[in-house]
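In the two complexes below, chain A is the common chain; its partner is chain B in one and chain C in the other.
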Partner chain A sequence: MKLLSCPLNGPRNIEEFQYLGPLRGRPDPDALSDADWARHLFRAENRPGAMLEWWRHRPSNYVFLAERHTVTNAVIRTFDPSELEPGA
Partner chain B sequence: MQATQTCPFFPGGAAEDVAPLLGQRDDLSVSDRSHWPRFGLKGPGSADWLSDAGVALPAPNRLSLSSGFTVLRLGPNDITLLGDPAAPEALTALCARWEAAPGPKGFSSWREEAWAWLHLDGRALEDALARLCAVDLRPRRFVPEAIAQTRFAEVDAVVIRRGGAAEVFFDIAASAAVLRTIRHGGGHP
Partner chain C sequence: MVLRLLKYGLRSDYPVTGDIPVTPTLKPAYDVVIIGAGGHGLACAHYLSKYHGIHDVAVLDKGWLAGGNTARNTTTIRSNYITPQGIAFYKEGVTLYEAMSEELDFNVMFSQRGQLTFAHSEATLRSFHLRAETGRHMGIGIEVVDQKGVEALCPHLNMDYGGALEVLGGLWHPDGGTARHDAVAWGYAAQAARRGVEIHQRTEVTAIEVAGGRVQAVVTNRGRIAAGQVMIACGGMNYDMALKAGVELPIRCYPLQAMVTQPVKPWLHTLVSSVSLHTYLVQSSRGEMVIGGGSDPYQLYSTRSTLDMKEHLAEGAVHLFPFLKNLRLLRQWAGITDMTPDYSPIMGESPVDGLWLDCGWGTWGFKATPVAGKRMAECIATGRVPEILQPFALERFERFALLNEMGATAASH
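After this line comes the complex of A and B, so read on.
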């Protein structure tokens, strides 16, 4: 059984969670070229290394952030979105 | 806040054919409380409104007893109040006050219609809980004010313990499946 540690509910079976995708910036569409805006909308970043990702604990409908290494699949930390540093 | 008139295990309900599995078995009794009064609020303003109304709120993922009902704090702004059918006055009065309030006051999460509510008790309870849920629900590990929001009987559920018994809340549409799973010993008969 793979466990993920939910900031609200503690360690739980990974099957209780839903992956919601990487944390992404929110650029101003008016300040970007069409090509860069299209890239933001339609291209998924898939770089190796530690990434911040949105996850949801389904039974409690709690959405939080996890830092996960995409090569080793190790979860480095999980935390509430209120703890996110500005500009992260 | 009004309880639904026809719950799944009632005559004419969607899970009527499974209802005989409820029964009172010596080792594990399962009783349906889906018609018991409860009231859920969710969304911005719900915790502040309840605090202003005099409801003492516990920390998220904790429950407490307030004046006349049990308060489940499922999240910072996700709160469900459990009433007692023998003395529903306090909860009824609070609901009426919420309906009349101008807001911000959160929104109703319709727990009285969307949730089934089962009460489990008996000699075989601890063994059954261990097979139905991955969270350690034994009283020495699961403190009285704890709430488990997890998987139970193969559905997403909220589990609490009161007076030695366990109470489970889950999607009311899964009533028949959950009762079958409970009676078949954790889904692995």
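After this line comes the complex of A and C, so read on.
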């Protein structure tokens, strides 16, 4: 059983969580070209290495961020979205 | 083929022929460099050398021959997709499998036993009707069968009458089948090698050189190779490889897991699949029950297996065929799948001149090995993308012309 440490509920079985995908920017759709908008919609972070991503703890419906290494699968840290540094 | 087999059988010494030459020394330049010696890369090399007179080709692989997803897949071959473009493409793939043993002079054990997909809900059944109508229009063998029809095709199935997972009907695809994956790769490799193609195992591409918007060379652990044209066919590493040329693909990588049980006597003729249970089964020619395919729920570059995924597959298999519960698992594995947003591949041109893409094969690319190889060879040889490949261009995402095949790949194969 793999554990994920939820910032709100502590370490829990990873099956209690839902993966919501890599963190992505929130560009203004009106300010983007069609090509850049398509890029925003369809391309996501996928480089082998450390990645910031969204997770949800299903029972408590709490959404948070994790930094995880996509090769070793090691979770480097988990934190509340309010702690996200601007520009990250 | 039959006569030759007979002659061989009557000999007293059974001579061994080495089909695939040992890795030669690397030349400083090739007309065509193919990155990835999986089924796709090798098939392309075969078609280039046999049909287009292009022999100065190097196929590079960081590992051993076809040790990527070609070695890890569950070998479902079918064309019962959703979009007309997808069906036309995969239909050509099935046709090429039908003739492959002859084409390669190598028995790939193509076994066209048909595939039956179960519907456990009215909604699934309705989507089957749409797939059957589209498929028939495109000229493939496909029909919706009712409960009686399912029972006739698959008498051992637990129909779960009155239960939560009652089988309401099925999608019958008589064109579906399996082939021996190693034989497919070895057959293409042997043919290509015979026509001068060099296969370089343990040759890892670490960089792609681009200048003036055109691909110039690839850098490997064994040296730099100048290349007229380069094709990327790296399976699970396609995103990473394209990035080396500055091309960002709409791909996310997830491990896909499968497993086989100990062998038993032949009992399951058809390939069977359940969309709701995310489980499919086929009995291999060795008698093993091949069970797939569970995708990990988060992105990962890893080929490890997990207990929860194997439990999930076992649960689905035992629900469909309760008598399997006493079988033991023999092997388990995973492959890194390069998933696209619309569950269709990305083939054809890249934004870099001379750099071709044969990517985004996710959980469904083994069946496309011959057709992708044939059509990508056409691209490289003529510089033009044939009509059948045009819908799969990378720039379809910019045109919002996606080819949604999720419903036809949901059980992941």
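Annotations for the structure displayed:
Just so it is clear, the second predicted complex is superposed on the first by the 88 of 88 C-alpha atoms of A that agree within 3 Å, B and C clash if a C-alpha of one lies under 4 Å from a C-alpha of the other, contacts with A are read in each partner's own complex, and residues count from 1 in each chain.
The rule is simple: a residue touches a chain if its C-beta (ideal position, glycine included) is under 8 Å from a C-beta of that chain, and two chains touch if they have at least 3 such contacts.
All of these numbers come straight from a predicted model, not from anything done at the bench.
In the superposition on chain A, A:N9 contacts chain B only, with no contact to chain C. In the superposition on chain A, A:S60 makes contact with chain B only, while chain C stays out of contact range.
Touch criterion met: A:A35 reaches chain C, while chain B stays clear of it. In the superposed three-chain model, the partner touching more residues of chain A is C, compared with the other of chain B and chain C.
In the superposition on chain A, A:I76 makes contact with neither chain B nor chain C. Once chain A of one complex is fitted onto chain A of the other, the partner contacts of A:P22 are limited to chain C, with no touch recorded for chain B. Overlaid on A, the two complexes show chain B and chain C touching the same residues of chain A, namely 1, 15. Residues 60-61, 74-75, 78, 134-135, 148-151, 156-158 of chain B are the ones that touch chain A when the two sit in their complex. Looking at the complex, you find that chain A touches chain B at residues 1, 8-9, 12-13, 15-16, 57-62.
Taken in their complex, chain A has these residues touching chain C: 1-2, 15, 18-19, 21-22, 34-35, 38-39, 41-44, 46-48, 51, 53, 68, 70-71, 73. By the touch criterion stated above, chain C contacts chain A in their complex at residues 239-240, 243, 248-253, 297-302, 306, 308, 341, 397-398, 400.
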